[in-house]
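Just dropping this structure here.
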């Protein structure tokens, strides 16, 4: 009995604690609606090196060795099943803001270049490296790979189809659970 | 201070409202004595989390005002030429899954509530505990 | 309470029943459109839910017995399994077995059709029609079954007293 | 997205959520929950999450409400205290 | 012959397909349900042996579902830790499936048999799926599959189990929501859901508050699932009132899967650096675990219901595993004690619950005080219980002894001597409550005359799994002490970036 009178107190305390946590965290949440935030477009990699002399080599279509080693240090290597920047494996497109590094895909059925890294020179004369986020890839390739105009459909039933399968399993489980709990007839 | 408010309260109002709803739902889930009310609270709590995810995916709120306009992630060539941007489809995919999972949880919860009502004749947690105690006393 | 007893159903409003009769075919047509049409928003979940909603409307207007006549529970069980079979079984095993273990699970490029009409088209066809229909059928059957079970109460009376 | 509409909808959502958990009438609470889900679906459609909005309108506002009312028809309508 | 890379996905997918088949086949013939389920789980178990062998000899299996590479799609990663936990889980599920034949006939209404086995198979699907996946959101979905199945299966017993199941549902749903929220925060700062990818991106963001809050949320959410001490409130009721076979599978396989998820998130996504440098998480975990060890044992002493006593004992034992996790960052033993206890606790608690449910099956004995002289009536079941209880107490060379030994080594190595005292005190309490039961069963004499005592043990299909587990408690203990599986432990530890084990 006493336990039940405690419940609202426990609830209030947990709500206050959680609220404090949320207020504390708000500074580091990316602003909503930011088209360049990590979930939406660019995932910043912890790399920044002096841009002097490197821009030229990027313009010529070659990623400098220094950048390559920095990227490999993070762990984006072939051993980790991420595409590495080997010779002939990539090509560079120059855009208004920076350089897109396109890498040959490893999917068995769709070889072809896809956007992977984005290199940009910031105001301090440093080179910043970004990785393209998931939706960019989906938006670019969904027409080509699945011929479906709706990216949510292609994402749901193709790119992340395995999730969807188990989510159907969840609903199937729920239906069977309700049958078991409430149905009293012999027949199914 | 004003800058902080502008950056973290005005620009992230979705987040704040999601928090308020989330905490309301959590409070109801834990504190309410009625079993059905707990499920209602749970649904509110889950929906608030979905709101948080969907807010992440949006493009073109205050921070990008006048520069970017989001559009639904359905291929639309004309819109792209006019400077629209697709919003992020990944959280949408995740939340479709989440909504169905939440509906499934609610359904199982409701089935349990119905069985509990048939068993104890009440939906109040206190009454159920009283009746369980009575059964225990009779049992021993 | 009220949804299951025969007497109440006759007392119900004629307007609701007539409107329901009129609306249900359109709701179902809309559900199928949402399920299979790939142009706009929508897909298996939404379509399946809309179809389930049409049966729920049927039950609300005409009572549970009529609903069970139109959509028997035996079918429900088959549909539920069938949808998942379509997705997990056929879709998955076709991919693995027809490529002799070279392709991954759910990689629709590997199904035999891909060699004839091309990879992307196969993916689009498979995802847009078969997978979505599988999802829709499962979701519809599951929701209808859950609703029937939550509504019904008369069973224990019919069989002469509740068990336990 | 259109900010005034967004703000108004979100304000109503908060009000309805609080109303849904404070009311003693469970039927009212369920109907309010349905309204809450529907407004949430509106917010999501307006945030360009068309599919999520559609699903929430169908599942959250539609089917879940039907489930809850079906369950309520077999249990008690009023909350004690 | 399919290539071995396909096996991790088959373990899960075939289980799901089998659940569907059970539903349809059960429509035609109810008897077939059990056999389909048994055959599937056996098949899964055989596959898991191949997976472990392949992982140890060749290396980690990476499997891209649908052919999409990691950040774009979902990836299955099976390394030594996955394979080890997978094999434990499927072995326990197999034994539980054998055990289920007679106990389900006895406890569950015949009308519910088909749905019961369907849900049982779905539970195994979910558990196996949680263990092999390499994607955070996929793990959420599979956690939901196994949780939903578990809620319904617990409620299958009716009566008090309904309330227990409802509490579990509310708590479990809140826990999973916290987990989802944690993933949301991580996704908002890293833009990825893949565990391997996130592990690479996180080091630059350790100072980020969103990451820290995400860690706390995921920890709370999964702690509710594993019933770690302050969040355990759903657990004793659920274990006590659930049907026998469900108690066995939930207390062993499902609890282990949740703990696996916790270990995977702590060490594989956040890495050791984060929990040592940016938050004193390791110490907090150790202290909470220590409290859980004492608290669970004390409450277990106070119980008269045997299953409830074992449920509280489970809380104490989860404390042992978490103590191993907490100490792992500061010793060269690494996670070895925790990993050992995952297997050890599964063996011991599986056996104890099987025996306890055997008593209920045969004589409807739930109260400890009613077990007087039972050893003469049900000798095999009681013998299994005795072996497992001795093992739990820490009788050498049983598995319980090995766990305690290695935990003490770890505490000595870490220089945290207080935990040695905690282990000893908890062992003392364990001796109190297990000795109490053993004394009643073996030493106290029944008041009835000698003539009335007849040997009437539970059926073979229920005794043999228990005895197998009981014997394994000692065989595995000896194998641990000889040190044969140490290469496996080293592989797991080095995979998680922890210290290398010393023999």
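In this document, chain identifiers A, B, C, D and E correspond to the written order of the chains, with residue numbering beginning at 1 in each.
Operating definition for what follows: a residue touches a chain if its C-beta (ideal position, glycine included) is under 8 Å from a C-beta of that chain, and two chains touch if they have at least 3 such contacts.
This one's a predicted model, so the numbers in the text were calculated from it and none came from an experiment.
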item: Any chain in contact with chain B as well as chain E; value: A, C
item: If a chain touches chain B and chain C alike, it appears here; value: A, D, E
item: Chain A and chain D, separation of their C-alpha mean positions in angstrom; value: 31
item: Length of the line joining the C-alpha centres of chain B and chain D, rounded to whole Å; value: 10
item: Centre distance in Å when chain A and chain B are each reduced to the mean of their C-alpha atoms; value: 23
item: Touching two or more other chains - residues of chain E; value: 16, 20, 23, 27, 65-67, 137, 141, 144, 148, 151-152, 155, 158-159, 187-188
item: Two or more partner chains touched - positions in chain C; value: 39-41, 43, 45, 74, 77, 80-81, 84, 88, 102-103, 105-109, 139, 143, 146, 149-150, 162-163
item: For chain A, residues that touch 2 or more chains besides their own; value: 22, 27, 29-30, 33, 37, 39-40, 108-109, 133-134, 138, 149-150, 152-153, 156, 158-165, 167, 169-175, 177-179, 181-182, 184-185, 188
item: Sites on chain B touched by chain E in the complex; value: 26, 29-30, 35, 38, 42, 45-46, 49, 52-53, 56, 91, 94, 97-98, 101, 104-105, 108-109, 112-113, 115-116, 119, 128, 132, 135
item: Partner chain B, residues of chain D touching it in the complex; value: 1, 3, 7, 10, 13-14, 17-18, 20-21, 26, 29-30, 33, 36-37, 40, 43-44, 47-52, 55-56, 59-60, 63-64, 67-68, 70-72, 74-76, 79-81
item: List of chain B residues in touch with chain D within their complex; value: 13-14, 17, 20-21, 24-25, 27-28, 32-34, 36-37, 39-41, 43-44, 47, 50-51, 54-55, 57-62, 70-74, 87, 91-92, 95-96, 99-100, 102-103, 106-107, 110-111, 113-114, 117-118, 122-124, 127
item: Chain B residues within the chain A interface of the complex; value: 7-8, 11-12, 14-16, 19, 22-23, 26-27, 29-31, 33, 55-64, 68, 70, 73-75, 85-86, 88-94, 96-97, 100-101, 103-105, 107-108, 111-112, 114-115, 125-126, 129
item: Residues on chain C engaged by chain D in the complex (per definition of touch); value: 1-3, 34, 40-43, 45-46, 49-50, 52-53, 56, 60, 143, 146-147, 150-151, 153
